[in-house]
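The same chain A turns up in both complexes below, where it pairs with chain B and then with chain C.
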Partner chain A sequence: MGCNRREFLKIAGLSTLLGAGGNAAFELLRPGALEASEFVEGKRSLEAGRWSMVIDMRKCLGERNCTKCMDACHETHNVPDFGNRKDEVKWIWKEPFENTFPDQENEFQTEELEGKPFVVLCNHCEHPPCVRVCPTQATFKRKKDGLVMMDYHRCIGCRFCMAACPYGSRSFNWRIPRTAHNLQQHRNPEYPTRTKGVVEKCTFCDERLAVGLGPKCVEACDEKALIFGDLDDPKSVVREIIRNNYSIRRKPELGTNPSVFYLI
Partner chain B sequence: MYDAGKIIIGLIVFLGFATFPIWHDGGKAVSAPEPEITAYAKKIGHCVEPEKWMRANHMQLLDHWRDAAVREDKRVYVSSTGEEYDISLQNTCLRCHSNKEKFCDRCHQFAGVHELYCWDCHLESKEMKKWAATDESF
Partner chain C sequence: MLEKALRGTKTYWAWIFFLLALFGVGFLFYMKQLSYGLGITGMSRDVSWGFYVAQFTYLVGVAASAVMLVMPYYLHNYKKFGRIVILGEFLAVSAVSMCVLFIFVDLGQPFRVMNVVLHPTPNSVMFWDMIVLMGYFTLNIIIGWTTLGAERKGVKPAAWVKPLIYLSIPWAVSIHTVTAFLYSGLPGRHMWLTAIMAPRFLASAFASGPAILILLAFLVRKISRFDPGTEAIQTLAKIVTYAMITNIFFFVLEFFTAFYSRIPGHMHSLQYLFAGLDGHGKLVPFMWTFVVVAAIGIFLLIIPRFRQNENLLGIAALAIFISTWIDKGMGLVVGGFIPNPFEEVTEYFPTGPELMITLGVYACGLLVLTILYKVAIGVKEEVGA
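Up next is the complex of A and B:
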């Protein structure tokens, strides 16, 4: 972290000249870290080249008022519910077909699809516009597996990312989340809340992937309508499904290359 | 010298006031409050790093923990003594220091550190309060 090989050699060389090698040089390079300490990935951590999701709308019971995936996600991540659309915060939610795929603008649609509620969430784009506009790198794309991450510690609430995201996947906290009625009653003690003035969204459950678990929404769906896997691995479940079924993605013409696929 | 008496009395009174803080406290320094160590932490017997180092550097360590976990996906900390800890403010630091009020807060108040904004997001849950209660009744 912090310095490349060249800088390291410069500082190490300089401090040796000054008779301040060893620990002193270490202090210069990594302030506040002890010599032998290190950070490593958890042993159970799940790895992928590019995480992605298939949403099988043929199996989804969203039409019949099922909200299991959303409830599970929002409960796990302490997402506030203020009971009105103006203050709404959402990580995974329902959107009618026409709004999910505005580019599928047939004048007439099959009855089946007309107004059908689709499950939508952050698309974890390969080229995320939100990341390009974030002035503090609070939102960034994780190199190793393509997750579009949120570092809530850095978010200054400018909302450029919300303007940039073509999918409406980001919510701003207009009110103190902990004052929401659901968070007054119940909080998951293992995950932090957010504060007023920061933007939040789905991160494909990075904190669960780190301990060997898949996303919560996938786990919560009894119909197995949500399937999670590695898009870079030709042998993965998601690749297999995409190979054998016609799938569509949201607004691919924008060049964001979304990682969420829909079967209709 | 005119009014020598008045001047001398005035001087004595002035010196008295000026040196008040010194003789009032008798040269004693106000001692820092002892942060309370829970029975649970005592049983384990040590912090993630040596106590003296922790006292001086815990805020920087927490910054490293935060960046490692959130930005680099490294969620395990191997201490200088080779022990492994899951990186979590809520679930690791506060598991041992579940008596946050009598540990973190007490020392911060004395040292004049502002109320930490970390707790606006990071929860001290009921569970931790439960830990604290059971830990203290050991």
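Up next is the complex of A and C:
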């Protein structure tokens, strides 16, 4: 949408008078020009056109009670654990195959897949419904690398995104996170704890990418079952794997175009 | 005109202070929610909207229903609604004020609510819902207040009110359509993902709102010298009849699509609501109450002899009010979240503090309604309408 300087100033001035501030006009006239929670990238930051993850369930030891990726993630990101389902917050966790892929309904399933725990997390969709519905752009898709991000300082806690996410990837802070027993015992000072009343989820470790590190869950997996890479780069390792192995994604029929691929 | 709300009988003041007390209790519980977090409610990761959002949805319908009086009176010159139309407009004002409060108490970070204005996001349905609700509130308070003021002075309302009145007609439809879009545009929530959501919302709104108005008209007639008119009430009853039958018809269509196609995802939520799913069925008794009470209401409304009997009409209106409230104020929102995206069932039921906060919001809305109705009735008595 084009507008000249005069028009822009007029609308910006008018919206300032209305109490909304020049920022509001900026967001209406140049949508997406200002992203919530912007920061300056470090020199060593990892760059990509569209970050994605391949989860090789043939290597995953989830069914042997391995929880290394989730423990590492939740510890790094100060994810509160209240010990009950009602107040639960989780970024990466396990769900049985049948629940992860309800559209793969099969009366007779192979023994290895039946009830097999799958690793689930935010799919960082190309067309994220959560971003579409957010009334404040507190959750937004980062233009440069496709990460679906959260601004905890802008979120008003309306939870529209939780209703919109077809993957159940989002959690709300029903209580003060720091009162959770695990965070009272131990907190990672490198990452902020959240306030009550905001939504949170996996961000593919944007804070680690900024300093040249891959996601924590990928690093924590000894079996190398989690592979992280650039989907836009035909020569990337994820593209290589997807080219040579049959992969499936969660609910692709919804048109969200998830960036997390599963090898089964 | 507001001075009319400052003079009243002992009963009037007792009612005002009763509502203030209820509001105060709700406020105290809200303070508790503010410090503890929304964990004080029954909501969870899986059922992330509950009683508050459901009440909001129901009351948007009540607000929208004012159009059922405005349209016949102003567009079709149906004079019998002349005396009652103000009651509909002020009911809308009170309902929208409750809607805003219910959204407010549902927010995790209520002090950031202005972020919606500060970062306007036209792709979010919630942004539009805010705009249409605020607009509707303003339209109705301006229209109601100026026409009432003109009536008091014995003159015609100012000419500039007419366009606002016409604007309020499509605007009423918009508030409930946009509210339906909050739900019907979400991928992966099968029960909500239906094009008939907005029509069904409107149908249930045009049943519930006029039903409440009938009850209010009876009440007004009993406690004041102002009579909204028997014929107006009977016309309202017919509107409720048509709207409620349409509402149930739309609901039956949902059942047909789900259970004839037999697509599991489409059946699950309805199964949960009416029969229970995976051994969970907390809402089953409520949903069957909805069915039975709705049937009683429709039966009493359809038979002219019963409808014209004002005692039975009162029961019928109450039945429609209760049944539409269960459907929208309990089943619709919670049912949409069950089962969750992993097809697991997590149940929801409001907690004590949640109910007290809800009661506080209703008390606040009733307070607004009482004051506005006191003014309206005062003016009507003064001019001897």
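What we mean here is this: the second predicted complex is superposed on the first by the 224 of 264 C-alpha atoms of A that agree within 3 Å, B and C clash if a C-alpha of one lies under 4 Å from a C-alpha of the other, contacts with A are read in each partner's own complex, and residues count from 1 in each chain.
FYI, a residue touches a chain if its C-beta (ideal position, glycine included) is under 8 Å from a C-beta of that chain, and two chains touch if they have at least 3 such contacts.
Keep in mind that what you see is a predicted model, and the values were worked out from it rather than measured.
**Student:** Which partner chains sit in contact with A:A210 here, chain B, chain C, both or neither? Use first/second/both/neither.
**Tutor:** In the superposition, A:A210 touches chain B alone.
**Student:** State whether A:N173 touches chain B only (first), chain C only (second), both chains, or neither.
**Tutor:** In the superposition, A:N173 contacts chain C only.
**Student:** Does chain A have more residues touched by chain B or by chain C?
**Tutor:** Counted on chain A, the partner with more touching residues turns out to be C.
**Student:** For A:T195, is the partner it touches chain B (first), chain C (second), both, or none of the two (neither)?
**Tutor:** both
**Student:** Under the stated touch criterion, which partner chain does A:K86 make contact with: chain B (first), chain C (second), both, or neither?
**Tutor:** The answer is second: A:K86 touches chain C but not chain B.
**Student:** Would you check which partner chain A:P135 touches, where first means chain B only, second means chain C only, and both and neither mean what they say?
**Tutor:** In the superposition, A:P135 touches chain C alone.
**Student:** Output check: A:C165 vs chain B and chain C. Expected answer is one of first, second, both, neither. What do you get?
**Tutor:** The answer is second: A:C165 touches chain C but not chain B.
**Student:** Examine A:R187 and indicate which partner it touches, taking first as chain B and second as chain C; both and neither are also allowed.
**Tutor:** In the superposition, A:R187 contacts chain B only.
**Student:** Tell me which partner A:S45 touches in the superposition: chain B (first), chain C (second), both or neither.
**Tutor:** The answer is first: A:S45 touches chain B but not chain C.
**Student:** In the superposed arrangement, which partner chain does A:K144 touch: chain B (first), chain C (second), both, or neither?
**Tutor:** After superposition on chain A, A:K144 lies in contact with chain B alone.
**Student:** Show which residues of chain A both chain B and chain C reach, each in its own complex.
**Tutor:** Overlap of chain B and chain C footprints on chain A: residues 36, 195.
**Student:** Which part of chain A faces chain C closely enough to touch in the complex?
**Tutor:** For this pair, the touching residues of chain A are 19-21, 23-24, 27-28, 36, 85-90, 95, 98-100, 102, 105, 129, 132-138, 154-160, 162-168, 171-176, 195-199, 251, 254-256.
**Student:** Touching residues of chain B toward chain A in the complex: what are they?
**Tutor:** 49, 53, 57, 59-61, 63-64, 66-68, 70-82, 86-87, 90-91, 117, 120-123, 125-128
**Student:** What residues on chain C touch chain A, complex-wise?
**Tutor:** By the definition above, chain C touches chain A via 36-39, 43-46, 48-49, 103, 106-110, 112-113, 115-127, 130, 182-183, 185-189, 264-265, 336-337, 340-344, 346.
**Student:** Give every residue of chain A touching chain B within the complex, in rising order.
**Tutor:** Against chain B, chain A makes touches at 1, 31-43, 45, 78, 140, 142, 144, 149, 151-153, 187, 189-195, 206, 210-211.
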